[in-house]
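What follows is chain A paired twice: with chain B in the first complex and chain C in the second.
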Partner chain A sequence: MNTSNTPSMPPNEVGRGSFIPVLRSEWTKFRTVRGWGIGVLAAVLLCVGFTFLVANGNNEGGCTGPPAPGSGPNSPGSNCYVGHPFVPIGPNGEAVADSYSYVHHRLTGNGTVTVQVTSLTGVISTSPASEAPSLTRTKPGLAQWAKAGILLTSSAKQGSPYAAVMATGGHGVNWQYNYTHDQSGLPGAVTNSSPRWLRLTRNGNTLVGYDSTNGTTWLEIGTARLAGLPATVNIGLFVTSPVTFQSTSGGAPTAATATFDHITMNGRATVADWKSTSVGSGPRDYYPTLGASTTRRPDNGVVLSGSGDISLAVNPLAGGDDASSIVWFGLLVALIMIIVIATMFITVEYRRGLIRTTFTATHRRGFVLSTKAIIIGVVAFVVGTLGSAAGVALGEHALKNNGNFIFPANTFTVTRVIFGSGALVGVSAVAVLAIATILRKSASAVTAGIVVFVLPYVIGSIATGGVGTWLFRLTPAAGFDVLGTLPRSTLVNFPQTMANGYYPLAPWAGLAVLCAYAALALAMAFFVLRRRDA
Partner chain B sequence: MSDALRAEWTKLRTLASTGWLLVGTVVLTIGASAAVGAATHVSGENGQDPTKLALIGVYLGQSVVVVLAVLTIAEEYGTGMMRVTLAALPRRLVLLGAKVANVVGLTFVAALIALVGCLVVGRFMLPADGLNPDHGYAFVSITHAATLRAATGSVLYLILIALFSVGVATAVRDTGASIGLVLGLLYLPPILAQVVVEPLRQHLLQIAPMSAGLAVQATTNLRAQPIAPWAGLAVLAAWATASILVGGLLLRRRDA
Partner chain C sequence: MNDTTIEVESVHKHFGTALALDGMNFTVLPGRVTGFVGPNGAGKSTTIRVILGLDAPDSGRALVGGQPYRHLRHPLRHVGALVDAAALQPSRSARNHLLWIARSQGLSTRRVDDVLELVGLRDVARRKAGGYSLGMRQRLGIAAALLGDPPAIIMDEPFNGMDPEGIIWMRQLLRSMATEGRVILVSSHLMSELQDMADHVVVVGRGRVLANDGVDELITRASKDEVVVRTDTPSEGVSALQHVGAVARVLDPNTISVSGIEAQRVVEVLSQAHVPFGEVIAQRASLEDVYLQLTSGEVEFRGTMGNEARQ
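Up next is the complex of A and B:
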């Protein structure tokens, strides 16, 4: 082909080279350095290996009493078991907590329950972490999200769809349904002098919660439409009280006691024929509880004690692992190897003087940097994606074999973690290449690249007070936030910190921070490359 | 030997990077301690170690020491200067000894200034974070035997890190790869230790160069540390010795 006849290539561009040949020549340079090929392969293998190692190091199991002599786990006569405690799964596939005391009735068709809550008090366990919590070692104190009120649930099974109107320890009256939805009603605490009236109505699939200060004027708090609600449901009074971090950093189980008066169910119910049960407080249930009790009171009243929570499950209470909790270390190792290779991709040319040959062959210096960025970016993206995909597949297999609970994650989340890993390594490689281009020396580019990603993890593990968390927001290490999978909930009073697996930024926001740094570095690299002698 | 020392000193002294790296060691070490001091807020008695918190900048400052140490030898291979150096000083172990002596001297000076700065930062910044006698914490002070041990131990730590880096760089002969390897060996094991279970966690912290070496900074709750302070520094010394030995052996046996 005669290039001078091609309209897309004006005569003055002839001999200056176009993009594709530059890409090919840079790819040849990358491909033919044996050490780099080995490094790339090693990065993938180390990512997979370390992910598997981290996953395989996790074992779940326990004993419900002293082990019987001469018997292994799960054998007849043994009190020990391999496997995680039971974690219920909610209607949308999310892990939930569903433990409470319940005094209930079966309700067929539409109906209404009304009740007056006249007191809500609580106790906090003072047992040391090494001992099982018990009601005999407690101090007074009410958890912020202690709940007492009317609960409608499709079945007694944990994780069932539900709606509830409740008085809480520190958030006033609330209407909640299906573990994640919440609307606030009357503010203020429940006391004998300012009781709260609660009402829950079922009309087909529509449930409505009301509250009142006097039992005559009612305010609607919220509505829930629970699709597929059976004709006959459970409806009744419940009390629960979650683990609190108000007084100890490790968390202490709590129990709450509520007094209910004037219980009416469409005007026909008497407390005597209501059934009381304790949901989710068995030995295999994961949520730490403090016991439950029910006492009848005259005139359709009941005093109910309960412990537990109805909300999203949080780590580490649920003791769960998932793709993000096992893959990050392997990814960090792969990232360090890629940082070294990305740096050398340009600094070796400066050191050997090859860069002058390169710029003689390709006058357009921007092309050289762009093609290098594309090559190292794509290679690093493939390394991160492959390492993460294979590591997660192997690691989750090891987690299952060792009896760990794996936090449920949908296909979209898992895909995001895997390709997000690739993007994290890819974008970082481009950023490091740009820094190396600006500095022309390996030392500072490699050091800066490694320290930026590694130090937040080191600092975070030794310094308390949130220094590490800020580094994961503001520095390029925010790119690791793309791995976050655990759902946050404002309805749980819980330290949702890095140490517990909660990353400080939304996944794409974290990646965007890293991309912004990479774009800045790349822009500066293009600028100095054009202005400077080679 | 003195000629070798002077030759190496001239090379190191006349490099623009040396001065910057020494200043960088001091500034980053003190700066990181100050930043952590500014961001820390302690409420209630949480079993904090004020001295360790004051000296936390060493975690960052050591990376600059690594760069300084690696550059003194790996960069000579990069530029081809190594062949000239070896022609002038054919006794290779003498050359390595001269490089080590210069790097150790410079690291000592920088480390001393940096650690004194960290102690000053700890004395004047940490009390405002709640680490004061009102909350049951003593002021960070050099008159406290454990704090003195932590500070002098940290100076020794940085010197050993420099030795370790020179050994690795002599063996690897490439700046980028050497720095990557040393920083990986320093920073990764303690992070890995966070996610593995006992007893692997304990053993990892006992043998890894950084976590063992920096055990010398602990001043409270020594029984809960994975390794005793001086024993930990001895582990790092073993790493440094092994690295210098392997580097020296390869330097003697290999073509430049």
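Up next is the complex of A and C:
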């Protein structure tokens, strides 16, 4: 006999038991079923594979007119191109819109430009979506964020740092700089009877915007410090008018026309020798425009028409891809695999009666459930993180090769999407384990897991209107909000919908909703496990 | 209590409306094999699950070495139990099955290999348990029970599916472990399985203890002191025996049944009366007879308890 000779109660053996041995025990259980290991590996590979396939399915290119004879795509003179239209990148690496009409002059050193805006009117394109928009088919109407005023920019290149003081279609006078900053000045619309005076001064790197109703009493609106501003900059008058989504979901281009009078630079009446340009309205520029025109007026005046926007780029117009637009399908597939594995991790024990062996070895049933939750949670987190990291890397490579535009995202955002994917799969796995503990049957638990954690995503992404938005707020599908990468802007009126890639909740808020569901399921599972005979 | 014992104290347990345990009350002492017998549905498995902390009793309690199971820090070092040999993950190897149990008790991999050797599964330890025969699964279940080298061992129907060689091995194993001073509780619905192995039996029926005694005492008590005599002259024999106060009657032309006096005295009386006789047999009950006597009123309730059906 390989046993001791005087069996009796081991000393110091009464106590509540410790957690680590249970964790080691459950880990041994998990790693010694080969099918689960294979399933975990398959989940990672499927996530990577499907992410790549979704990305690789996107191709961009097109013609803006019949191709010139004997010329290939992208060659001079050709109207055809391969790849996505040009999207400028702003000073902080963000995608921006930078299209406007500009009448400008060079300014070296410090200086001030003052102008009176006496009118701001607009038109909205009525061309059907199948036709190129043109000024011949429009109706009257002024976009909320139509802009007319003084613009100082470091260079004519799109995406350059800038500051501008402007009258707008529906937001009064505003001071804006570098695409994301905005401060409000005088309210109200510009009319002949109620004109607005605008002033922009440069003093070193400091730019200040003022407004006035009479040209004598000035109010400061805001200040911008643009580091590294060159000594010589462009300064001048600009008009632009963004696509409106008020009546059509696809958006209609608009144009605005402003009348400027009493233009002075450094107190001297000027404008006759200022250059007129249209920025960002070429065939490769992504922002839809309606054309531009400049008419000089006597007494240092100018009537300027323009179309476009100076703001953050938004997805319905820029039409780019991002990590979440390619990784979602692979993640769903991985999630389904993990739902099955998380379920089996507990239901197999119930089916085989093994649960009794488990509970005689560890009578603290809460330890059993929490160690299982930790193991499946960590495993699923690693699956989601690896699958998403490799999938996004491969997928973005494929997108670039196919000429797609990828919405720029900073390192923090990309890191958040990758680890957020892991958290999404991990937390879902824990919740499914809890549900399976309550239900005890594999088939019903897998079904419940898919209905609760996969179906809301599927319905939410195909549902129109508010249904999808609410599903991504209230159901476990809110966890997918952690994938959102597209920047929002209050300075652009556009539909921030799921269809355009904008998730309704902030990333961490969405994940918190999913965590709340998991916590609820776990609490119920602990309660049931404690009460139930094994 | 300092010595390891298993104490079941007035345990009641309902499953829905069915009463499974109705004041189950007994103590299992170390150093002997205690049989735990009763018809299917008598409450054996439920009692074992209550002892192991798997089922919570409605009232009463079960103690192992003076402690409720759920107070034991490493329970498998106190009690080893074989509850259901089929409780295995088929795709996990026998060795890994024991390994996860060992991890939960802070036991070493070496101990796993030791018990595999002990139950004779060393050579097949790395095979998937799903491919094991019923007898091999029983051995694996016993290995799991012995893993923590516990002073108390509980086996629920351990002989099910075992081949005769396995049954002999099992009996020897349990006997030797009892000799080492362990508490051994072996349940069975067949008393014959316990013959020659159990020193003590707890007979249960309808969730209650019907008898709790040493095997020898039970047999003695159950044996009616009947003596059978073969003789060619039964009527003379009867009158001689009645003369000394015994109860005697003629069973058939060659046989007398006597009770009230011992076989030794029957021989004396008949010899003195010069009654010729061929054979004097003292009737002794078997363990099986004892069991049938005790449970005759209980078997009809088989299947109404529902607790065996839960397995």
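Rule of thumb we're sticking to: the second predicted complex is superposed on the first by the 492 of 534 C-alpha atoms of A that agree within 3 Å, B and C clash if a C-alpha of one lies under 4 Å from a C-alpha of the other, contacts with A are read in each partner's own complex, and residues count from 1 in each chain.
The criterion applied here is as follows: a residue touches a chain if its C-beta (ideal position, glycine included) is under 8 Å from a C-beta of that chain, and two chains touch if they have at least 3 such contacts.
The shown structure was predicted, so the numbers you read here are calculated from the model rather than taken from an experiment.
Visitor: Just chain B (first), just chain C (second), both, or neither: which does A:A167 touch?
Guide: It touches nothing on chain B or chain C.
Visitor: Pick one for A:L226: touches chain B only (first), chain C only (second), both, or neither.
Guide: Touch partners of A:L226: none, neither chain B nor chain C.
Visitor: Once chain A of both complexes is superposed, is A:K29 in touch with chain B (first), chain C (second), both, or neither?
Guide: Only chain C; A:K29 stays clear of chain B.
Visitor: So in the superposed three-chain picture, is A:I339 touching just chain B, just chain C, both, or none of them (first/second/both/neither)?
Guide: first
Visitor: Let me test your reading of the model: by the given contact rule, A:K441 touches which partner, first (chain B), second (chain C), both or neither?
Guide: After superposition on chain A, A:K441 lies in contact with chain B alone.
Visitor: Just chain B (first), just chain C (second), both, or neither: which does A:D533 touch?
Guide: second
Visitor: Which residues of chain C touch chain A once you look at their complex with the stated criterion?
Guide: Interface residues on chain C, with respect to chain A: 2-4, 30, 49, 52-56, 65, 67, 69-79, 81, 83-84, 86-93, 96, 99-101, 103-106, 114-115, 117-118, 144, 146, 149-151, 176-177, 180-182, 311.
Visitor: Considering the complex alone, what residue numbers of chain B touch chain A?
Guide: Residue positions touching the partner: 17, 35-36, 39-42, 46, 48, 52-53, 56, 59-60, 63-64, 66-67, 70-71, 75, 78-79, 129, 174-177, 179-180, 183-184, 187-188, 190-192, 194-197, 200.
Visitor: Which of the residues in chain A come into contact with chain B in the complex?
Guide: 50, 53-54, 57-59, 249, 325-326, 329, 332-333, 336-337, 339-340, 343-344, 347, 351, 441-447, 450-451, 454-455, 457-459, 461-467, 470
Visitor: Okay, in this complex, where on chain A does chain C touch?
Guide: Against chain C, the touching part of chain A is residues 1-10, 12-17, 21-22, 24-29, 32-35, 348-349, 352-354, 356-357, 359-364, 533-534.
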